[in-house]
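Mind looking over this structure? Questions follow.
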């Protein structure tokens, strides 16, 4: 696996920030080609973050699954994607272009914020306070007002975060797969990802599998495996935006 | 920007009379230059809603005399107009939580409360005193007039006082934790 | 005294942003009349030390940007000058796209923006009003305070403002498609 870029993952604001940074470091334009090229790096960042509490984990992983679609298509050109999968790829590209634009514009904001401030008057008219209650001030109105306040307090969201408990390294997966292929020569992706239900594990396993297909390690079985690959892909959620 | 505009900006910002001496020092100019610039400013303000007020030693900006009636209307409006939801909510936070800092109020409401608090002060519904520990900060409390208007003598006579206290305390404690976790 | 001078006087006196609504009510004028008077005031203040700040709802008077250094020396309070990456991204979106919904901000940033929006609201840099169609949702806009921090008097002084508006309109169509799809 490529391990050129060793920037700290926490310093990224979100998946788009990370993607754009990786693409720009390679001086590429936003396209499915560049996205396929940086997929491995993206995943290894995610992997590294396993022990760190990562903000926006769910968002990072959703984008990972779209990247896998892109990468798969680039590895297996005759792989047919479903319409909504095509759309999620297109939508990711658009999102990235828009994000890039705002990131460019934000440079101006950063450079000017607080530099040349337009000041309001430092004093407000010194009005003598005069007790002026209004008819709204009743105990019952106050009670409903304080309940509105309480109700609009932000809730701590207990959304079951997509847990990144154990993300197997891509290398590990490839090694394990290669070994099993060598011994059995008819391993299927489904068997391979077996009881592991965690999305990132499946994603990484899937990619590793494709990598092997590309390298020709399992060419002999490609026809058979192809069906399995399709089934494996169906387990990968399509991102919603 | 010419000298008269600079004087105008300083007077606007300070919004109190400034002595010739201070203006000269701040702008690095001589008495002569100041004496020439002031009539220019006066002239430029003709037809404006703001006017230059001068005596032998000091200058200041003020609203034009013709405006006094309109300004009375504005003051009246500020005191008598219905509070509306946002102000009422801020007022209840001061009632249930007071003495409470502006930062705490903002934090509970999730929006900035500067202008609303200013208005509640003018209406005599809340008052502010310097913070015990940090003299530059203020804390807000309900006025005694507000208590007697509500027919209560202390805040724990407010409806459902302890429940409300608990709810807010719970939020302040737990949300802060969550927020710290989310900030890197 | 003409309308623009009256507005100037009220803003000077009040020394905080005033909504179009309040100005219309106090002056007994229509939205149209106000919309005509504001550019007149803006024009009359050119070359002055004071400038008019405007967002979609409010107007405010402040010192000219050329005066910022001199006045900064006079102020005691420390102004924040640093924005985190998340604040910066979010403010840029709100500035160029506001009024903008949280869903749109989340879509562009690719992450949930609740925490950061709450933080910006508390700091008074953005403000929100209920969404026209969905009352439980909000749309976010820049405050005049944010403009004053940036040293601009209105949003179209932002670089490439009109170009960006066109680009946004183009993206918007696609966002709409996405949104419709997710709703169905």
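Observations on the model:
To keep things simple, chains are lettered A, B and C as they appear, and every chain counts its residues starting from 1.
Just so it is clear, a residue touches a chain if its C-beta (ideal position, glycine included) is under 8 Å from a C-beta of that chain, and two chains touch if they have at least 3 such contacts.
This is a predicted model, so every value here is computed, not measured.
The chain with its C-alpha centre at the largest distance from the centre of chain A is B. Taking the mean of all protein Cα atoms as the centre, the chain whose own Cα mean lies nearest is C.
Our note on geometry: chain A versus chain B, Cα centroid distance of 44 Å, whole angstroms. If each chain is reduced to the centroid of its CA atoms, chain B and chain C end up 20 Å from each other.
Averaged Cα coordinates give chain A a centre that lies 31 Å from the centre of chain C.
Residue numbers of chain C whose C-beta contacts span two or more other chains: 12-16, 61, 63-64, 67, 71, 118.
Residue positions of chain A touching 2 or more other chains, listed in rising order: 55, 119, 121-124, 154.
Across the complex, chain B is touched by residues 10, 53, 55, 119, 121-124, 127, 129-137, 139-143, 145-146, 148-150, 152-154, 156 of chain A. Those residues of chain C lying in contact with chain B across their complex are 1-2, 4-10, 12-17, 22, 25-27, 44, 47-50, 61, 63-64, 66-67, 70-71, 74, 115, 118, 121-124, 127-128. Across the complex, chain C meets chain A through its residues 12-16, 51, 53, 60-65, 67-69, 71-72, 75, 79-83, 85-86, 88-89, 91-93, 95-96, 107-112, 114, 118, 147-151, 153, 158-160, 164, 167, 171, 174, 178, 181-182.
The part of chain A that touches chain C in the complex is made up of residues 13-17, 55-56, 59, 63, 87, 91, 94-95, 98-99, 101-103, 105-106, 108-110, 112-125, 154, 240-241.
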